[in-house]
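Naming follows writing order (A, B, C and D), and every chain is counted from residue 1.
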């Protein structure tokens, strides 16, 4: 990051964070990781959220009042997370924004719930990040992992004529299992589609040679491999699969979106990722490309993956709900959020109901990587929302 | 020959001092009135339970265990099974047996049963593992931890897999945690002065000579293993009620190393060492976190960069161990007397 | 037959990584009874040395761009240097401390290293393309194996032979073996303790660097956690093999790799996520069966 | 065969193919001091280990008062009344002297209160009551030996096996030790096996002496017989010329 840009960042956010708090200000609290493992995942989405807040403030504020941001570091520690939640609440936060991951964000979200405040996960994709795992005032602005698996299965079936699927699950996280769960839900709904094999591995496995041997032992290569994994193991798995000469299309969740890792697998092709928006400058919506430019201006770097976007979306939908409720009262804001049906945002429509505060159906861009170059090739929305009951079972 | 005062009279001062220190910390915290700080102290009291729990086995037997956080895992999940409302369990943990789904116990009964479950598990596994000693025993306990972790991370219908289980009632506040810590310190003290405690410590110093004194080390180790599993199981339950969510990842290597470090830095062969290790390390961590957030010095804010706290605490631990290889308390117990009879020569 | 051969290759490739790790840990344990928990962080450190410090998502390749002939010695030297430095600055002061104290000190050192890397590079895994032509397949008797695995196995065997020759034939080696068997005795017989220990640390650090390079080439990833799982398995292998026994550590490393691959192959799908539980269960069984390890050196036998 | 004695019957032990004990026959009768001498590496300590259950014999058996002791653990054997000391002291270094003795008490089933009382009485009996509260790790050599004997004597064992108790003692201290051993036999009715390098001490106090060399009993008899034995002289001259020359 160049010094000049760093200054720009300080100027924009510095005013937001350290400016004097006026009695009239609306306080938004970030109980997110500023250090440790989660920092790398929280920061980009948080920056996007700050961009949206800045836009709102420049446009006259929310309910005519300026939004003021307070932060507390969770240090990627669960117990510290709960403390960070309390800290921002003590500073008067009306909205508590918590870590990207459900496990690390939940303690702070639970603190907000106990205080009767609205909480939003920055980009959690588990059904628990919302009513089932926190309570009636909690939301996530991203799209469920299961939708990603379901989207890829249905899209590959329709557009790539895939019939024989292979499923490779990394059992490390709920996110990974969520992708495969969505895939499992979708597969029986696709006529003639069949699962020709299934296997598991662990993200930290030094080698997945035996899993690959199992794929190679199939009488014929599958039409598509559903790979449910995330960083850092994903790169290793993809590299080993391609190195073994398996050329079948690889379907993934959004966790592997981004070009920062592609250098590890030169000339990767036939590789598909669902994304809420494109970071590659070719989003069908020009406003997304404008946002990317703005993000670069403010932070000094391009968005590294689609996980920047949910941060922007959450401030967007929350502020709309506040404007509509004409109040900061948590119940009133939640009621307005739950009225949203296909509410347009820069990164696809959002729907919340009293049953689910997450997206069980969503529009995804399909990003295909060919010869190491990712590009938007299609857009897909699953034909049927995944029923809440099925999601909870998983 | 002068009549010797009873064992209890000779050693009780350690117990009283440790309890007074814990109570004083709780009272001061309440007076300060900061909610985030109060949570820090609650977490510290739970750590006291964990470290003293490990001490009961490790300190008395001399066998380093990497497996005890497995008991914390068992305890925390048991507390989840016993206290989450039935409606939530039906959905999130459908694999639980019916009687468990339909039970919802009061928190203290649940914590006690959670401890018992951990103790029962320790009894079964310990009958095999306690035959080992030295580094082989350490590795075997680590293998036990790994097995527990793998099972709880993947038995989705009963444990929720790698995902967090939610819906555990919030309960553990500062007085509950203080009560838990005091209770555990008392248990550790009573074990230490018991027949089994003495025999086990003899075995720690000289296993062969202990056997030649009629001590069945395997049995005494098993007793300590089971008691410490109970204590840590209860601590796990309170931790669940403290955080409101449990996740297998929270009971794996990270917490194993931090608790062992606290024990060793404090002095692993004494109860005072276990307690002081937690207090001193927690204190330093808190201090560094305040520094990280920034200290206001006459208008200018002085702050250390994020992440430096972790590096510093690691260095502090190395330095303490360099100068005090047997820990801050030098493996002694704190007593009224300065030149106590319990002073080991060095 | 081909399937069996494939299993054998898969087992050998995983096992050789573990064996190299176990060798690094066993060497240090042999000469100073230290279980070095920082070993995994040495691995990560060496791999991060390929990159320029940056917390951006995309890696800035630095040393990784050097020609192979310079790159390999450089990374090995970094591993050796880091390892020797930690001995001089930290472990030397713990010569007479009990094993638990040393273990916690090494853990604390690893914690410092890890967080240092975290500060410089952030937790985000970075990608790097190292010798990607090594990932092409070779076919041996119908079984396929990536060239890299062939090289890994070969390197392991070469290192083993070289190390064995070094230990058997040279004066340094003789001293080190003597020290591993019975340190106090060796010292009394005039073995220069510091020299032998430093040498052991240097070799151990180089082994860590070698593992790092192999892992980075294979996975294309540079990650803070990357040495962790190899280190844990290596640590277990060292104990199962018989503490202080270098051949034992290597054999146990291959055995655990083999067991892991075998479980992956034979377990039914529902049980496969529990693979490691079976592997660790086997570890416990093995310890109960031979508490002193598979190849315990004579000095390890307890004397009454 | 004496019916009341601790006996080794044709005991053989080998380590890695090397014979440590071959066909050893030895009786330790009650209320007597039996001596066991022999050059370094003769297998004396191995024999003690076999007699106390720390080492299972490859062949042969150990019996106490006619009862076969095979398969009984070392702590089980102590509970049956066979106590021992170790060459290297092996006190519980971080415990006090009193606690060192108490360990045997609780090991044999007493409560701590009872064990404490017995331990105090034992320290008194040996004459080291003043050491009670000292930490064992820092004791001088002779005191260490006496504490070790006290620890073994707790609860009045039937047999006591002393492994080189006088090593490193001055002549005066050795005399005290002789007096103590005499009292043990007389007052506790205990059968004692004494292993010593100090052959003078053994000849002085023992009723019957066995000589072990390279794992075999090469001679046994009264002190006078041992003194006169050509075999013994030869064994000592061969392996330990200086010791043999001076003592015999």
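By our rule, a contact is a pair of C-beta atoms (placed from the backbone, for glycine too) under 8 Å apart; a residue touches a chain by one contact, two chains touch by 3 or more.
Keep in mind the model is a prediction, meaning the values are calculated, not measured.
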Chain centres computed over CA atoms; the one at greatest distance from chain B is chain D
For the chain pairs A-B and B-C, which is connected through the larger number of C-beta pairs in contact? B-C
Nearest chain to the global Cα centroid? B
Which whole number of Å gives the spacing of the CA centres of chain B and chain C? 31
Distance between chain centroids, defined by C-alpha means - chain A, chain B (Å): 36
Which whole number of Å gives the spacing of the CA centres of chain C and chain D? 48
Geometric centre distance via CA averages, chain D-chain B, whole Å: 43
Within chain D, the set of residues that touch 2 or more other chains is 54, 86
Mark out which residues of chain A touch at least two other chains, giving numbers and ranges. 35-36, 39, 171
Shared-interface residues of chain B (touching two or more other chains) are 153-154, 208, 306-307, 310
Which residues of chain B touch chain A in the complex? 35-36, 39-40, 43, 88, 91-92, 94, 153-154, 156, 161-164, 166, 170, 242-245, 247, 249-250, 289, 292-293, 306-307, 309-310
State the interface residues of chain C toward chain A in the complex, per the touch definition above. 3, 6-7, 9-10, 13-14, 17, 55-59, 118, 122-129, 132, 135-137, 144, 146, 148-149, 215, 218-221, 223-226, 228-230, 261, 264-265, 269, 272-273, 275-276
Okay, in this complex, where on chain A does chain B touch? 34-36, 39, 73, 75, 78-79, 82-84, 86-87, 90, 102-103, 106-107, 110, 114, 126, 128, 132-134, 171-174, 177, 392-393
Contact footprint of chain B on chain C as seen in their complex: 35, 37, 90, 93-94, 96-101, 103-105, 107-109, 111-112, 115-116, 118-119, 232, 235-236, 239-240, 243, 273-277, 280-281, 283-284, 287-288, 291-293, 302, 304
Where on chain A does chain C make contact in their complex? 1, 35-41, 76, 171, 198-202, 204-207, 209-211, 213-214, 216-217, 231-233, 235-236, 239-240, 242-245, 258-266, 301, 304-305
